[in-house]
Amino acid sequence: MTELLSVRGLSVDFVTDGGVAQVLDGISLDVGRGEVVGLVGESGCGKTTLARAILGILPAGAARLRGGEVRFRGADLLRADPVAVNDRVRGRAITFIPQDPSTSFSPVFPVETQIMDLMRWKSPRAPGGNARAPRWRYPRERYRTDREAVLETLRAVQIPEPARALRRLPHEFSGGQRQRLMIAMALLPDPDLIVADEPTTALDVTIQAQILRLLRELVKERGVSVLFTTHDLGTAHELCDRIVVMYAGQAMEAAPADVFFARPAHPYTRRLLASVPTGTGEIRDIPGEVPSLVAPPPGCRFHPRCDYATPECRAGRPAPRALAPDHEVRCHHPVDAPGGVDA
Amino acid sequence: MRLLALALHRLLWFVPTLLGLLVVTFVISRVIPADPVALVAGETATPAQVEELRRQLGYDRALPVQFGEYAWRLVRGDMGTSIFTRRPIVEDLAHRLPATIELTVVAMVVSVLVGIPLGVFSALWRNSVLDHALRVVTVSGLAIASFWLGIMLQLLFAMRLGWTPLNGRLQGFPPSPITGFYLVDAALTADWRTLGAALMHLALPAATLAFPALATLVRFTRAGVLDVMQSNFVLYQRAMGLPRTLIVWKYMLRSALTSTVTQIGLLFGILLAGAVVTEAVFDWPGIGTYAVNSILRSDYNAVMGFTVWAGAVFIVVNLLVDVAQTLVDPRERPSN
Amino acid sequence: MSAAWFVVRRLTRDRSALLGLLLIAALVLAALLAPVLATHPDDVFELHPAERLRPPGGPHWLGTDRMGADVYSRLLFGARITILIGVIAVGASLLVGVPIGLVAGYHHGWLSDALMRVSDVFLAVPQVVLAIAIAQTLGPSLPNVILALSATYWPWFARVVYAETRSLQKEVFVESTAALGASPWRLTVLHVLPNIASPIIVRASIGMGFTILTAAALGFLGLGPPPPTPEWGRTIAESREFLPDAWWYAAAPGVAIFLTVMGFNLLGDGLRDVLDPRLRRGRGAR
């Protein structure tokens, strides 16, 4: 099956003051056409790093690619011509929704300037072709068409009075409105994939659901795929077709949303789902702590905190095992599975 | 509207500050010297003549009265007469103002046009050869004595190499006086040779004056850009594949400049101060040399006049800087 | 005192601050040991017209000046003048400016406003000009230069202390200490002063550099200590008529000034980075 986005065995190290942190260890995941995939994990598990690796904006000095590939529409983004990637992929075929909309706009320019600057290079009507010749020309015709498209998209994300809104400065909008603007900007270039990094984490809880529903509606309408990261299972449940669980830089389980919530196989996934506060007042958290990535546990990185761990788990990383056609788990002892443990 | 309120607030403080300045200078000029009138009268004057002069000049009255009269005259635009040139001081200052302004503006323009881009590159290519070289420039820019730099430049470029004239604003006839700025007047009258000559005369003094300003600008622009480079909006724009040139020169620079604008304003004030010593070195016929000469000749009225003018300029510049700051960073409308 | 040790340790890791420290140490050594280090220690007062304007070389490491005196030796003695002027002028400014700033910071009334307006007056005119005016009126001499410089630099200390005191007042610990009944004096000495020590120290170091430059400018204009005092700025002025030939005469004192001021600037920057990283941006060059 030709997926839209196919990450294979991606390993990334970060050079820090405390040593070399192995932030990503052999991550693989797929995103299909028109599919919304959620990347779930605790803070520090590497999901933001993965998102940035796909977009190609890892900090050049500190981050080191140890291996793996990121295939998008067949081509490996990590090894393609950087200029071409910057011109034709970033902001066009793959767009981005950042975590904090308040700081993701330049505070000194009106919203219109910033969006139209984006359109100048990334509008679907912008000329493709030779990536090396910078195209600063912005013909008036195209400008007008693009502006119309902007207004229309602003209406779609439910920004009131789009024409007036454009002339405002970013700080004059509320957090929720700014994120809607971000969604609009992510949709305008007519992308194939949107990478959204915890898009609702910075918003008030009351608005989060609204924004999520809006996003899902719009992407389903246009058949755009989404890879979005979150630490909140509720968000994942709201938005995703498929869910991938990460822990300490390793992918643990990948399953369609309903299967994920109904029949989780990986011990970590089960713990994660169990730790969501219920009405009973009991708090069931996971004992132990997230491991240091500078000296991570060998083999499966969850084994120190896992109830079902055996020496096998420390010896080596489990290979991906398909429990069902689209339910994959990396565990030596998946729960309720043939050869695994009982719940 | 806020802008107007700010401007008014500043102007209100303008008066007391200027007044305070006047008092200080007045006291210095009347109280401290043994007998300013005797100095004015000269060595050959008899005591009777000195007394007569004292009465004429009004120095025999009580100090507060003298000060009051001076302040009143000042409001009407009269700074008194220079003892040395025997002309109204206001006239003397006005006559010499264009020279100083031309020098200061050219120095300012050079330091901004060179300093800001250098600061940007220094930040973009952090720890590169360029960055280290610029660090040296930045540090030395504030450690070199201006007058010494001027002399060394004269030594090298005027005396040894003969590339530029030694001093002065121009040799020969100035261009037709339309604005008083030689560069402008020569350009307006298409007098290209004079324009060239004026530029050559400006070269060394402007370079001397610009050096510390440039050093400061490079330093602050570098810091500003380094700061902005970490911003989330820069990350977003990179993620969306916007061209680097756009990100750096339109967005990053604009954000980094919000602090640099204040610096430019302050620099202008500092440049005017530095002009005093630099003009002395290059015999530049501006207000700086006038001030120095007046001081050295004990021409106290002239010194007062200069101090009032300098103080007023400083205060106005600070006001303009505050206004500019508000314009540049629209979030920062002050609420005082 | 362990705080001081901590500062020193952090400082030694910063290479440019170390360089600054070295330069200052060299200056102090030159000043203290001038009679010993000088090759011609009596040249401050003796004249050797026959030797005038000799280029560097032989017994005269940096050449001779218009009186035949050894440039190098006079430079060393000039270091004494420089340090003296710097230390006393900045010290006096500190002693005047800090209390004024404290009082202005504490009070919230007409006194505070008045004090700050006064210092604004002094800051309204470029320091050079005011110093020139004062020095000229008083007459060229060493004490007068120091007086002129102190009288024009204290506002910088006052302003820094004022700003810091005001911002500290908003800090909870000051409020709570006052609420516990501490007297204003106790509050100041034990609690406020240690916190404002860092900006004061930084400003003092940068102020040294700036004051030395202004002192040199005054000397250059003839307003400094009169001859035969080997003040660096005056030496440069003397040298002008012998250019371009006797280049060493003008170059040497200028380089000395440059190294000295750079030393204080580098140290000041290093101190600023160590003592309070928040101060690093947005402050003026002086």
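Lettered A, B and C in written order, each chain numbered from 1.
By definition in this document, contacts are C-beta pairs under 8 Å (C-beta built on N, C-alpha and C of every residue); 3 or more make two chains touch, one makes a residue touch a chain.
Because the structure is a prediction, the values reported are computed rather than measured.
Among the other chains, the CA centroid farthest from that of chain B is the one of A. Taking B-C and A-B together, the chain pair joined by more C-beta contacts is B-C. Averaged Cα coordinates give chain A a centre that lies 54 Å from the centre of chain B. Between chain B and chain C the centroid-to-centroid distance comes to 23 Å (mean Cα coordinates, whole Å). Multi-chain contact residues of chain C (touching two or more other chains): none found. Of all the residues in chain B, the ones that touch chain C in their complex are 13, 16-18, 20-21, 24-25, 28-29, 32-33, 139-140, 142-149, 151-152, 154-155, 159-160, 212, 216, 220, 223-224, 227, 259, 262-263, 266, 269-270, 272-274, 276-277, 280, 291-292, 295-296, 298, 303, 306-307, 310-311, 314-315. For chain B in complex with chain A, the touching residues are 231-233, 235-236, 238-243, 245-246, 250-251, 254-255, 258, 328-331. By the touch criterion stated above, chain C contacts chain B in their complex at residues 16, 117-118, 120-122, 124-130, 132-134, 136-138, 209, 213, 216-217, 220-222, 233, 236, 240, 243-244, 247, 250-251, 253-254, 257-259, 261-262, 265-266, 280-282, 284-286.
Chain A contributes residues 52, 55, 57, 85-87, 89-92, 95-96, 98, 100, 103-109, 117-118, 121-122, 134, 169, 171, 185, 195 to its touches with chain B in the complex.
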